[in-house]
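Each chain carries a letter (A, B and C) given by its place in the written order, and its residues are counted from 1.
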Amino acid sequence: MMRRIVMRRIGMRDVAMTSPAALTRSRAWRGPVLMAGVIALAALVPVLIDKQDTLNLLFLICLHITLGQSWNILAGFAGQTSLGHAAFFGIGALVTRTLWLNGMFFPVAFLLSGLAAVAFAMLIGVPTFRLRGAYFAIGTLGIAEVLRITVSQNLPLISTMPAAEIAAYNLTLRYYVALALALTTIGAAALLLRSSWSLGILAVREDEEAAQATGVNVLGHKLLALFISSFFAGLAGGLFAFQQISYYPSAAFSPVWTFDALLITFIGGLGTIGGPVLGAIFFILVRQRLAVTLVEVHQIVFGILFILIVLVFPGGLMGAWDRLRPRAIAEALRSRRQLHKS
Amino acid sequence: MLHIEKVAAAYGDVQALWDVSLDVQVNEIVVLIGPNGAGKTTLMRTIAGLHRPRSGRILFEGTALHTVAAHQIVERGIILVPEGRRLFEGMTVLENLQLGAYTRRAKQQRDKTLRHVLDIFPLLAERRHDRASSLSGGQQQMLAIGRALMGLPRLLMLDEPSLGLAPLIVRHIFEIVKSIKEEGVTVLLVEQNARRALELAHRAYILEQGRIVGTGSGSDLLHNDEVREAYLGYAPVTARTLT
Amino acid sequence: MAQNIVYGLFVGGIYGIAAVGLALAFGVMNVLNIAHGELLMFGGYISFWLFSLLGIDPFVSLIICIPALFLIGLLLDRLVYRHVARLRGEAKIKNSLLISFGLVLILQNVAIRLFTADERTTQVSYIGQGINLFGIALPYTRLMGLVIALVTILALHLFLQRTDSGKAIRATAEDWEAAELSGINVPRVYMLTFALGAALAGIAGTLVSVTSSVAPSIGLDWTLKALIVVVLAGTGSIIGAFPAGLLLGLVEALSSIFISASYREVVGLVIFLLVLLIRPQGLFGSREAA
C-alpha cells in the first residue's frame, strides 16, 4: 500500500519500476505464457491469413513498436525528450538502402543501419547532453532538420528498387524481419530495466542533480540510453528502407517519424515496456481505420488525445488500466491533489 | 483582524506547519521568532496566498483568505515584503514603486502614495530612475518596503527585513517599521534578530519545527529564561541544538 | 549582392516579428510554444481569404487578422496553457512543449480540412511593382512588410515600457511571485501575453502570405526560424529577438551568396546549434526582460 502511494507520487512512469517486483508475485506465470501465446500467434499470421492488407498492417505495427520503444528508451527511461529521433531513423534507412541496393548482403546492410545510427549518436551525444530538458529537445530537433535538409539537397531523386527486386518482393519475409526486430527491441528495453544500469538511468530521469550528487555517472547513463535508443531507431530505418518500393531519401528524415514515436509512446504509456507496444497497435489501427473515411481527422484525434494524456492522464493507456480500478482512482486523486498543493 | 486557525502546510511529502494558530489585532506589531527552518517563511507565504494550506483556516476580518489568489489578498490590504526582497531588478526604482500600487484600490491614490513613500525614503527619490539592481542592500530593503507601502497595506507582513544588513541600517529599518505602525498599519514581523524585534513587539509567537511553542507579550518573552537562552544568545550551546 | 542583403533584411523583419511572438510566451510564461508556426499559418490564411473572397488588401486586413489571432491566443491559453501554469521551471517548459506539439497536429490538420493542402499566395494587384533605388529593386509588398514589422516592434516596445499592463508583463517575467505579491493577476498577465504572441504570429503570417506563400505544412519551418532567432537573441530577451531576426535574414542572404542558396536553411540551424551549445544566454544575452 505504502509502496503504491510512493510510486504514484513519483508520477507517471512508475509502471516500469514496479514490473520487476510484480514478477515475483504469484501470478507471475501469466505474463510469460500470455507473451509466448501472442508471439506464436504473430509468427503464425502469414500461415493463417493470406491477406496482404493484414500483413502490411502488422508490418507497420511492428515497425512502429520498434520506433516507439527505441524513443521510449531514451525519453521514457532516461528522461531525455529528444525531438531528433528522425535523424537516427533516416540514417539507418539511408545506409541500408544504399548498401543493399548496391549489392551488399541484406542482413549485413541491415545491421550496419543500426551501427551507423550509433556512430552518429556518438558524434552528437556529448555536446547535446550539455543541454537540459526543453533545450535538449529543440537542439536535437535542429540537428535532425539539418540532416533532413542536407539529404534532400544532395539526394533529390526518388529511390526505387530494381525491377528484379520488385518482381521478387516478399512481404512475408519483411513481416518476419519486422516482428523479430520489434521483439528484440522490446526484449532489449526489458533487459535494460532489469540490468544494473537501470537504477542509474531512472535516477537520471527523476532528478539529475540528485543522481549526480549520489555518485551516478549521469553523462554515462544518458549516453548508454542514447546508444541503445539510436541503435534500434537506425534498425527501424533500415527496415523501412527494406520495405519501401520507392521513396524520397529525405522522407526517412522527416520529423513525422519523431512525432509518431512521441505519440505512440505517450498514448501507450511513457517509460513503460508495454506502452509503446499498446500505443503502436492503437496508433496504426486508428490511423488505418480513420484514414479511409476521414482523411485528416485521425491526426486531430491524436493531437487532442495527446494533450489530454500530457495534462490529465500522464500514464497513457497503461496508466488508464490502473486507474480503472476504484482504489487506484482514489489514490491518483489524492496524489494529484497533493501535487497541486506543492 | 487576522485569525489563523490550525493551519497545516506541506511541500510535497514534507510537512512544514502543524496546527498553527495565531491572532493579530488591529494596529499592533506582532512578531514571529524561531530558528531557521521552523516554518516562518512558509507561514508568511501561506497567509499571502502563495502557498495553499493543507488544512485549517485563515480569516481576515472574518472572511476566508486561504481560498483566495495571492493578488486578491493584496487587494484586501494584506501585503507581504518577501524574504530576500524579490525586487524587479531589471526595472527602475520608480517602476518598482508603481507596480506596488497595481491593485485597483491602490492605483487610484498612486501619486499621493508615491509622494508619501518618497518622503519616508528620500534616498529612493534621489535614485528613482536607477535600476533596482544597482541599489545597495539596505536601499533595496527600503525599496521593498516602499513597494509594499504603495499597495496601501492594512496588514503589512515583513519576512526577515534585517537579513544581511549592517546594524546601523537594521536600526533604521526598525524605526521605519515603528513609524509605519504609528500611521495605523498593523504589522506582522518575522525576525531572526529576536531581541530588537521583541523590544518592538506588542505580542510575539515562537515557532519551532512547524509548531507554535510559545506566545506572550514582547516584554514577557524578552525576560523569559527559556527564550533568553534559545534566542537572545545567553546560552549559545543550547541555542545550537535547537536549530 | 546589395540586392541580396536588402532582401535578407526584408525577410529578417518577418523572422523578427515571428520570433518576438514566441519570445514573449517563452520569456514571460516559460511556455515553449512549438505551435507558434501554426498560429502564423492561420494568420496567413486569414489575410489570404479576406483578400480572395472580399478583396480586402492584406495590409488593411491586419485590423481583422490581429484581433482574430489575439482571440485564438486567449482561447488556447484558457483551454490549454493555463493547465501547465502550476508547474515550475523545467517541468513547465517541457510540458508546454509537449502540449504545443499536440496543438501542431490539431491546427495543421484543421487547416488541411478547411483550406486543403495547396500553397496559397495573396496576389495583390501591385505585386511585382516597386521602387528602384540605385539598381536595387524594392517591391512595395516587401517594403510595406518591413514598415509594418518596424511599427509593430515600436508599438510593442512602447506598450511594454510605458503602460501599466506592459510593466506588469515585464514584472511577471522577472519574478511571478513578487508580481502576485504586488497585486498583479498573474494568470491574466499570462493570458494577455500569450494572446499578444499569437497576434504577432498573425502579423507575421500576413506578411508571409503576401511575400511568399502559406500552406498547412509551413508551421514547423516557421517555428524553427523563430526558435533560431530566440536562441540567438538569448531566451530572456523579448524585443531583442527583432534585431536577431534581422541578423538571421542577413546571414541567410550572405550564405546564399558565399555558400549556396540551397544551404541557406542549414546555415541558420548550424548557428542555432552552436549558440545553444556555446553561449546559451544568446548573442545579445542579458538576463533582463524586454
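To be clear about the criterion, contacts are C-beta pairs under 8 Å (C-beta built on N, C-alpha and C of every residue); 3 or more make two chains touch, one makes a residue touch a chain.
Just so it is clear, the model here is predicted, and its values are computed rather than measured.
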Most centrally placed chain, judged by C-alpha centres: C
Chain pair showing more contacts of the two, B-C and A-C: A-C
Cα-centroid distance, chain A relative to chain B, in whole angstrom: 52
Geometric centre distance via CA averages, chain C-chain B, whole Å: 42
Computed distance of Cα centres, chain C from chain A, in Å: 32
Set of chain C residues in contact with two or more other chains: none
Set of chain A residues in contact with two or more other chains: 340
Of all residues in chain C, those that touch chain B in their complex: 164, 167-168, 170-171, 174-175, 177-187, 287-290
Contact footprint of chain A on chain C as seen in their complex: 32, 80, 83-84, 86, 90, 93-95, 97-99, 101-106, 108-110, 112-113, 220, 224, 227-228, 231, 262-263, 265-266, 269-270, 272-273, 276-277, 280
Residue ranges of chain B touching chain C (in the complex, touch as defined): 48-50, 69-71, 74-75, 79-80, 82, 86-91, 95, 98-103, 106-107, 147, 151
Of all residues in chain A, those that touch chain C in their complex: 81, 127-128, 130-135, 137-139, 141-143, 145-146, 149-150, 153, 255, 259, 262-263, 266, 295-297, 299-300, 302-307, 310-311, 340
